[in-house]
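To keep things simple, chains are lettered A, B and C as they appear, and every chain counts its residues starting from 1.
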Amino acid sequence: MGMSEQPGGEPTIDMVVQAHQALRAQKPLVQCLTNNVTVNLVANALLAAGATPAMIDNPEEAGRFATQANAVLINLGTPQGDQVKAMHKAASGAHQAGTPWILDPIGAGSMKWRHGLALELLEHRPTVVRGNASEIIGLAGQEGNGRGVDSAMSSQTAVGAARELLAQACAVSASGPVDTLVGPLLDRHHNGQAVVEVGGGSEWQPRVSGTGCALGAIVAAYCAVVRDPLCAAVAAHVHVAVAAELAEEHAQGPGSFAMAWLDALDQVDEALLRQRGLIAVRWLDA
Amino acid sequence: MGMSEQPGGEPTIDMVVQAHQALRAQKPLVQCLTNNVTVNLVANALLAAGATPAMIDNPEEAGRFATQANAVLINLGTPQGDQVKAMHKAASGAHQAGTPWILDPIGAGSMKWRHGLALELLEHRPTVVRGNASEIIGLAGQEGNGRGVDSAMSSQTAVGAARELLAQACAVSASGPVDTLVGPLLDRHHNGQAVVEVGGGSEWQPRVSGTGCALGAIVAAYCAVVRDPLCAAVAAHVHVAVAAELAEEHAQGPGSFAMAWLDALDQVDEALLRQRGLIAVRWLDA
Amino acid sequence: MGMSEQPGGEPTIDMVVQAHQALRAQKPLVQCLTNNVTVNLVANALLAAGATPAMIDNPEEAGRFATQANAVLINLGTPQGDQVKAMHKAASGAHQAGTPWILDPIGAGSMKWRHGLALELLEHRPTVVRGNASEIIGLAGQEGNGRGVDSAMSSQTAVGAARELLAQACAVSASGPVDTLVGPLLDRHHNGQAVVEVGGGSEWQPRVSGTGCALGAIVAAYCAVVRDPLCAAVAAHVHVAVAAELAEEHAQGPGSFAMAWLDALDQVDEALLRQRGLIAVRWLDA
């Protein structure tokens, strides 16, 4: 996957379309160390989106595999003894080998033990941190959220915390009814950071366990085929949001939504991305 | 969740409707320490029914979380080293904090090691024990069941064993084609224990892995919003049975049943509960 | 399950029909020690096909349970500390008790640590080894496959490796667009080994995580009710392929395919097996 041929530049729908074509062509191998609640949905969402999942999360293999995979996801949903060891090795292996890796800091801020784990992993410089607003805010040490894994906050409230996390990560995304992504962006006229808002999606998403976890994995997949982490994350968020919008049209409830969303992750194509993708960019000049 | 405002009293459809409204309004946070086979269905069934799942099952966090959650589920489907430690801490934490907690003693009676684990957990006084008839009978030490996790017994055969378990638990439920629940019940005319039978449901339920586990989690959710454990368990059983009956109308097999059941757990409302809920109460005077 | 009444003989559709009737009548108890990514699909596929799953994979219970179960599946998708101990005990228990057991050597050949684990388990003489072509080739030590759990190779390329593995296993199957199975076969005219090709299936199968894992479990279920391991494996492959073909007719994508495939595993009957089952046998005389 030659870096020089990767899509990049500004987060526009043209870029998303290019990124999506690269994903489908390259089928990147995404190593996941993720929670046992939603690991099946994560694997199936990667397959549906066009990537190749490999759930290698034991301490014997995880570190070496991270040097060979095209991208790595580390999700803190249900960390346990051996898997935690594997997470340290995978984050370190990915960082050293230059493999893009994504941190999904579930419960950061609200639960002390895993908050400490998230901070340790952060030292290995994730390519993207993806979470909901309360987790991004909690990880940055700004405030806690007593409900743990659940969040009712708007993603826009996390912009300040996300900017702080850019000291460790190349880009940060916060999910919500509208998703908010933050990262460095250069163009002819600007030289600083940008906030990108991705709209669309469906109200069923938070009613299905693991749609956020799957999004984190798809961010990893796009980071394998798109040079710029902010653009990669934007492409993933648009792909997922367009699929959710399509799925909602076929859903009678959370069960049928989940099924239709997997179908739609596969069905998304250039026409649908152009027709339904919603991106708004705002520069934050330094 | 003020106890004084909780529904309670006799297990009638009026009570179930009230309990369901309380569930939807309060979206209780239910901590689950459950098996890795059906953990995804358990999380999605809680979300569909109207609760908020949090699968916190590591020994570092489980005990403290159980003091803060609105209810706790401990399911013995696939206990492993670290999770077993977390189960002890969660049961103890829940008991000490007064958090309602549910024990689903999968395999009790038929498998010695986990039978011992179930007995240890029983000392922390679960609010409700929920299982199939052979597990309830096995947990009470009455007889074994060589097939382990499978049961073909009618739930009514478990009434004697269930009454014995009321020494440790506030209520006991046994699932089957008709569900049988046992617990203390007071009214103007009686002062003793009652057997409540909940009918309905679908023959597809035992053909989908985890419908029983999900029921246990939904019992936990109702225990967070209903003061009386027997009434809470009855409300959960009726909600699940009505949803199963609805789902059967859309099912071509076990795959489509599982999907439709999640949809139906969300769709259940007052009208459906009144139209389809089947409850029969029989007093067992002391 | 009296061995003397079990179907056997040549791998024909008549044999498959008999085997399927035996499966439905006997509902064999299949113990699974499998990966946490697809364990739910494995359990549901067993239930849909007509078997009784029991996911007993802790070191305290796995060995003893393997002496009592009707068949055992050991799948190396996500091996971890305690589960690895349980795998050794289950393989040993099954071997000593004469319980048929199936090895699914995910990642063998490409990942050193689990390759070693697979070789250790092979010493307990699995009844059938089931994998994709690269895993069968890798397990036999013939060559590696850098992509780990993914395989694009045709199953026919694994015939040589499969024949080598017959030193340890009674039969070997390699999955692909056409499945290839190898084992000893006797008839009036031949005395040696046969290659059986099973056609049909659907292109959606590799797009859903765990369809191969579920096939391995269904091979185990048939080994409990069919005396000859090659015939048992052929029956399982035909059942799964016919169900996949049926499911494809109802699929709009990978999500709806997975659901329809579970429905179809249940719907498969004599007429569908006769109408759609595709078997070709080729003798490899010694």
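The rule is simple: a contact is a pair of C-beta atoms (placed from the backbone, for glycine too) under 8 Å apart; a residue touches a chain by one contact, two chains touch by 3 or more.
For clarity, every value in this text was computed on a predicted model and none was experimentally measured.
Enquirer: How is the touch graph of the chains shaped: line, ring, star, complete or other?
Expert: Shape = complete; every chain linked to every other.
Enquirer: Shared interface numbers for subunit A and subunit B above half of all numbers used, same, or below, different?
Expert: different
Enquirer: Once you find the CA centre of subunit A and the CA centre of subunit B, what distance in Å lies between them?
Expert: About 35 Å, centre to centre.
Enquirer: So which stretches of subunit B touch two or more other chains?
Expert: Expected reply: 36, 40, 81, 258-259.
Enquirer: Hey, which residues of subunit A end up touching subunit B in the complex?
Expert: Result: residues 35-38, 40-41, 77-81, 111, 113-114, 146-150, 207-210, 252-256, 258-259 of subunit A touch subunit B.
Enquirer: For a test of understanding, state which residues of subunit C touch subunit B in their complex under the given definition.
Expert: 29, 36, 39-40, 43-44, 47-48, 52-58, 60-61, 65, 68, 81-83, 258-267
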